Amino acid sequence: MGYADLPLDQLRRYQSEVTRPDDFDEFWQRTLKESRAAAAETRLEPVDNRLTTVDTWDVTFSGFGGQPVKGWLHLPANRGEAPLPGIVEYIGYTGGRGLPHERLGWALAGYAHFVMDTRGQGGDTDDAGGSGSPSVPGYLTQGWRSPEDHFYRRLITDAALAVDAVRGLDAVDSSRVLTHGISQGGGLAISGGVLGGAQAVLADVPFLCDFPRAAWISTRAPYDEIVHFLLRRRERADRLFQTLAYVDAVNFARQAGVPALFSVALMDPTCPPSTVYGAYNAWSGEKSIREYPYNQHEGGQGYQQREQYDWLRGFLN
Amino acid sequence: MGYADLPLDQLRRYQSEVTRPDDFDEFWQRTLKESRAAAAETRLEPVDNRLTTVDTWDVTFSGFGGQPVKGWLHLPANRGEAPLPGIVEYIGYTGGRGLPHERLGWALAGYAHFVMDTRGQGGDTDDAGGSGSPSVPGYLTQGWRSPEDHFYRRLITDAALAVDAVRGLDAVDSSRVLTHGISQGGGLAISGGVLGGAQAVLADVPFLCDFPRAAWISTRAPYDEIVHFLLRRRERADRLFQTLAYVDAVNFARQAGVPALFSVALMDPTCPPSTVYGAYNAWSGEKSIREYPYNQHEGGQGYQQREQYDWLRGFLN
Amino acid sequence: MGYADLPLDQLRRYQSEVTRPDDFDEFWQRTLKESRAAAAETRLEPVDNRLTTVDTWDVTFSGFGGQPVKGWLHLPANRGEAPLPGIVEYIGYTGGRGLPHERLGWALAGYAHFVMDTRGQGGDTDDAGGSGSPSVPGYLTQGWRSPEDHFYRRLITDAALAVDAVRGLDAVDSSRVLTHGISQGGGLAISGGVLGGAQAVLADVPFLCDFPRAAWISTRAPYDEIVHFLLRRRERADRLFQTLAYVDAVNFARQAGVPALFSVALMDPTCPPSTVYGAYNAWSGEKSIREYPYNQHEGGQGYQQREQYDWLRGFLN
Amino acid sequence: MGYADLPLDQLRRYQSEVTRPDDFDEFWQRTLKESRAAAAETRLEPVDNRLTTVDTWDVTFSGFGGQPVKGWLHLPANRGEAPLPGIVEYIGYTGGRGLPHERLGWALAGYAHFVMDTRGQGGDTDDAGGSGSPSVPGYLTQGWRSPEDHFYRRLITDAALAVDAVRGLDAVDSSRVLTHGISQGGGLAISGGVLGGAQAVLADVPFLCDFPRAAWISTRAPYDEIVHFLLRRRERADRLFQTLAYVDAVNFARQAGVPALFSVALMDPTCPPSTVYGAYNAWSGEKSIREYPYNQHEGGQGYQQREQYDWLRGFLN
Amino acid sequence: MGYADLPLDQLRRYQSEVTRPDDFDEFWQRTLKESRAAAAETRLEPVDNRLTTVDTWDVTFSGFGGQPVKGWLHLPANRGEAPLPGIVEYIGYTGGRGLPHERLGWALAGYAHFVMDTRGQGGDTDDAGGSGSPSVPGYLTQGWRSPEDHFYRRLITDAALAVDAVRGLDAVDSSRVLTHGISQGGGLAISGGVLGGAQAVLADVPFLCDFPRAAWISTRAPYDEIVHFLLRRRERADRLFQTLAYVDAVNFARQAGVPALFSVALMDPTCPPSTVYGAYNAWSGEKSIREYPYNQHEGGQGYQQREQYDWLRGFLN
Amino acid sequence: MGYADLPLDQLRRYQSEVTRPDDFDEFWQRTLKESRAAAAETRLEPVDNRLTTVDTWDVTFSGFGGQPVKGWLHLPANRGEAPLPGIVEYIGYTGGRGLPHERLGWALAGYAHFVMDTRGQGGDTDDAGGSGSPSVPGYLTQGWRSPEDHFYRRLITDAALAVDAVRGLDAVDSSRVLTHGISQGGGLAISGGVLGGAQAVLADVPFLCDFPRAAWISTRAPYDEIVHFLLRRRERADRLFQTLAYVDAVNFARQAGVPALFSVALMDPTCPPSTVYGAYNAWSGEKSIREYPYNQHEGGQGYQQREQYDWLRGFLN
């Protein structure tokens, strides 16, 4: 691959120039309030995951606009009575919650592990309410005309309300709920975690950070959707970037108050390291980052998972 | 490139194995009926196209479910009093109607030329009413669960109603309305033309033909959306292909009663020639096809346009 | 794609270091004089373009060395008696004038539109007089040993004499003749326009600008012909670049005295933006440029055409 | 991708033409006997895997020539007293056993799960005893001169002895030990399972099958190592293929006596489906195969894992 | 790479369908006669090749139309008095004779070795007399309108006259002059050898064979020039293939009367094996071929050179 | 390609930051001493190279640990009595000594030319003694745990002892022995030449220079083996680079005392020019470098060979 972003010393000091809309807070507080008002009770159905060590429930909770959003809740089979710390995990771009035996890392380590499905992507949750405005294939430009309509308004709201839902579960210690994700999941861990008031955030090679720079330097999907959109409809750049500012993880990071553990891969062409540092350097809470110098978008994988297990052992005990 | 489809003699005899759903006709007649019931009057606004030889109007007509669909109407500036034959043109995948001075070929040759915008793609028309069901980026799998929900149900309905709308224009001779398009536009020329009762159809390197074969042999976007969808959600193949059968141009061709002029590019990796022959050989009306042996998806371009001018001169006079 | 040229602020100030040969003017004045001396009368034959709104003639005029060069003359069918402003359009690399119904934009807007064919490329004009000196496939190194022999000496002379030819047509207002082109056509619009004394120049994502930098940074055809040539015959670099300096648009721009409207695509890997700015910043007349930040070599397309229609409306009225 | 192997009906009937060396059995029985004679006791060290639901041991057992080979043993934390059925898992090409918390699927479902490290590849086990004969990068041509020296002689012996080692563990029911793997792991599941006398074999998109055909049709790593080797040393083909016949899974399948569950991906360019069917159709025991029509080398993933959980529930109870 | 041409048994029996023009012989005899009539004496200038074992002369002989063509003559420094058998070597596409110390294999083995430069390509010989007719970059379509004008008419004539020139050298035994080449050089060894009356022909992975099939199946440069030409100018196919039939090595092979040694690489995407067999199976003299199953266009390289040394030892002694 | 390394002025001043291990000298002196102690006599067998101008012997000399290493010795057939200056040539990555008639350039110019085979790569020499430690395909990470085990310890020792062996031949003037190579051969020419006490070094586009920078910026094989290794085993970076420092040509260059002629290709993506300048600028003896601005890894080829012939003529006479 070869390293291709800013010189390392500039990279680590890089400050994103993403604009923070004046009504950013107001927009999101209103959105959350409306969606919470429409919420129904969370439903849990046990499922046969074929496993003996983990119990899994098929969960339906109320996301954006009260719409049903799916997820898996995994608990260790040999858990005790005490409520467990909860982790809400979000999924990478175009993926979904998958099969009930597939994504279990946090449950295995003793956490109440909630895997949130991604609306309209590869899972089992519909994305009702899209505006249908013209876009290019992918999700970044869906509803580009206004933050009200944008796809990520709905998904980030789901992410924040998943924290609500998990906090409300009997099996969960409501004072210890965290968010985690990789790539798109990492972006949602930031925005959903900040908005949903999680106690900590784990964001790995996060996507959805610093859109203007990402569009300018990225050579890969999915950030290149922005270029695909603008190369034909050249007059739409200002409005698109105004809308994207409302869902940019950089703007959520700027108002973060809790600890975060990030990871970044220095040869990552998908989520270039400067866009990750754009969010990390904006993070206003306590923070730490792990650099993987020779990795592309696969990032730290099991190594980072181990870092997280250890960081959380310290954090939670 | 190199030729990569069936041996030539087999290619020219190839019969698609796409299933025709029992309620195919019923489904479409009901759809048309409901949408026609919701139709409002077509609106025309003159626009400044910067040109002296062509007059252009910004058109809004009622498409699927009565929803507003945009288009440009181009008429020769030096036209007489007599109504002109009309041509409805549909646009290629992810494109839109573009700028008012961009796509004028039929108006220049003396036709009333209507360029229909494509809902939800690169133009100015929203695609209201999507189900938001999980899909992969692109349009082929949007609403895959049922023909009721599928994206192309809405777009094909727009295409058929555009024929209605053009037929209703004062400037147009309602007994001579044709459909035309390239790639996605070619697929829509078939389905929209058959459904809307056009007097003839011009389909160039048409997309949306013979989905099972296309998914199996194509190595390129956009047919590869099907593979992208199924490679992760392996259980969805039957249902997806059942749904796609309702929007497959092969099934429209089988009930065609009017003349058609097709074109096919033999080295086309995007719309492989056997999928085009799948629709062509199914066409039940009078028909003719032009082969471009050394072309890829660009097809015949100006050469085919000249064929069409000449074919229509014979046809219309 | 991703932006890959100089930082934006340096890009906009970039000055080409192309050398201007001492005998540059003398060389070109002599060339023009000799070719004009050999010129025959321009011939026009009406052709059936299948269109009702535009009249087209097959034109043969005298280019380099008096050799016959083809072109199409398009006039609006509904023109009046008054002579029209004329636009000479040049074609992109390896292309030719195409079919008579294909490239009509300026005629539609009321101009006398002359599409010059490109000798020895994809059209209908032979390139007599090549030296046959060793070269690599393509046109940049044909006749590299001396400016006398270089392919672009002949083509630029054609381009300048096309201005003569158009100025001499009855239908054209000889005081208002402009040049226009995209890519290779843009480079020829500069050199042919300056040399032929056009009243203005429209150059879109021009090729043939700042060869030393282009060869050094470009990763694509056709600038990479220079590298292909030099990587084997390493001793030929100096002489090749000395020859290319005579046909470099930068050197024509330095002596320009008329207004110009440029366009540049910032993600253009074919004609990298710094090479375009190399010519633009060298332009010594009145000038203006449109930047397309998210485009590659397709540039501004219809958007730029609209800019040009509007810029010319102001300019010509 | 597009389907690119034999027509489907031929694919399913395809018979590999790999030669079975006369001394195949003798060769392997001698190899096993010598290595078993050199075996030391299996050593287990508990490791901190950071998990609460699974207990893990760092295992060292005696592989080829008595050399130490590493592995992880995972047992469900909440297991009872009764010995568990055991599954030996082998790893894909260039990989290793990874971190102790990474590959746990079988332990979660109640099995004693042993992950065998791969000598000389990406894990923690050295490959002592290589002949160092000339080869190309990769493992397929290491020791090509003779089956005695070939890399896969040593690795397949490790795989067979891992079955011994697992069978000897207290926690394991020695009458129910199976082998499983994906890609290279799938090839080893066949050869190691047959040689080691496993009770059943699970082979997913197996590599190491039908080398002559694989070398002839594959366009990808790692089968292309064979082509890379032979394209330079053209005289070595016969000897190389003679050696490879001793480690070809087809030859192990021909003497299999236990049930097997295979999977194959029909668009797999890495392990083309005909090479998988080459081994599957040669399998002389009870057998079943799952086809994934739209998948490449990722194969069935979680879907196949679920098939396997269910198939084994039937098999083991 | 993977094998991608006809099944092996069909490959070896493949008969090219290239048409033989009625006046093929007449065309070439006239061409030779005219060029021989214009021939001047061959000139030799000694050059400092920096070597002690080989003596080299810079040769100028009369090629097509008597035009000067360059070459190197290499003789062993320690040669005796007796004239040596001569080998005329032709160069691959876009190459030239190179530097005087670069291509010496035949001289080292005791032959009088003449390396003919390629007009207009990467050497030191001009290609005077090109028609300049429109073409695409490369040589296959230069002068496509008629065999009189085609580039390869001139180059093949050079190749035949090089045999004359070598036969006329004092150092050469005029009864033993052979032709040899790889790729384009292989095609010229066939056509130039047959036309020039060489005593034997050595053709390695020859180019310029069976153009219609090559254009149809090849996916690479330079055969793809034909597709590049025809994809835009679709009406020119018949005439182009009529012209190419005059320079197709298949038509020369059909009238060959001397022994030939061919080589073919079965995974060659540049000169697909069926096009080579097209020429080989047409060869009407004694013949032999070496197949390299795992090679691409590099072919047999030193292995084939050794085959040739040995074949010629038998042939010449 | 396009230039992609440091700005030219920085490139030429670039200083590698490779660490020089404290025991670098001690390590290598001990290694040489042990291997020399194990050396047997050099054996020469005449071979039939099919040539009349060069005599060739199949040589076996004692390399690392006294192990047999193969090579070809080429002498001009027409040599006199006087001993000749000797040149030891090393081969590029994955290659071997090839066939006896293939690589003869130095013998042709009057030198005693010894082509050293590369152990374990594409030739005829085994690489006994590998540690078999886990690695990725290729040679850079073989034995990464310690300089004792690393592959290049053995190969560099062979390279140094080849100088011994050649110096000991009767046909060679022992006071004039040089080393030469391209790519891997260039790296070995540096390390083997410095270690073996050659009188001069010729290093073309050398590999094995400045590993930390190479791994960081290279996008190609074989330097990307380092990234392939570290992207999975992230904890191994420090140890790997510590080991590589012992075989880095930069560290040999720092102690060089004899003249050297380097070459560098400025568009070389395989051995990026800054890594070559890293070694060149470290060279502590007399030195000169030739830059090839438009070349990739093919470098100067025959041009550089001519430079070398001329440089040596001056040097040796």
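Just so it is clear, A, B, C, D, E and F label the chains in written order, and each chain counts residues from 1 on its own.
Note that in this section a contact is a pair of C-beta atoms (placed from the backbone, for glycine too) under 8 Å apart; a residue touches a chain by one contact, two chains touch by 3 or more.
Not measured: the values here are computed from a predicted model.
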Touching both chain E and chain F (chains): C, D
Distance in touch steps, counted as few as possible, from chain B out to chain F: 2
Chain located farthest away, centre of chain C as origin (C-alpha): D
Duplicate of the E-F contact set - from A-D, D-F or B-D, the pair where over half of the pairs recur: A-D
Residue-number overlap at the chain D/chain F interface, same or different (half cut): same
Whole-Å gap separating chain A and chain B, where each centre is the average of the chain's CA atoms: 39
Mean-CA-position distance for chain F and chain A (Å): 51
Euclidean distance of C-alpha centroids - chain B vs chain C, Å: 37
Shared interface positions of chain F, touching two or more other chains: 303
Arrangement of touching chains [line / ring / star / complete / other]: other
Chains touching one another, given as label pairs in label order: A-B, A-C, A-D, A-F, B-C, B-D, B-E, C-E, C-F, D-E, D-F, E-F
Residue ranges of chain B in contact with chain D within the complex: 215-219, 224, 226-227, 230-231, 234-235, 237
For the chain E and chain F complex, residues of the former touching the latter: 50-54, 76-78, 98-99, 101-102, 104-105, 107-110, 302-303, 305-306, 309-310, 313
Chain C-touching residues of chain E, taken from the complex the two chains share: 94-96, 119-139, 232-233
Chain E-touching residues of chain B, taken from the complex the two chains share: 1-3, 267, 292-296, 298, 300, 303
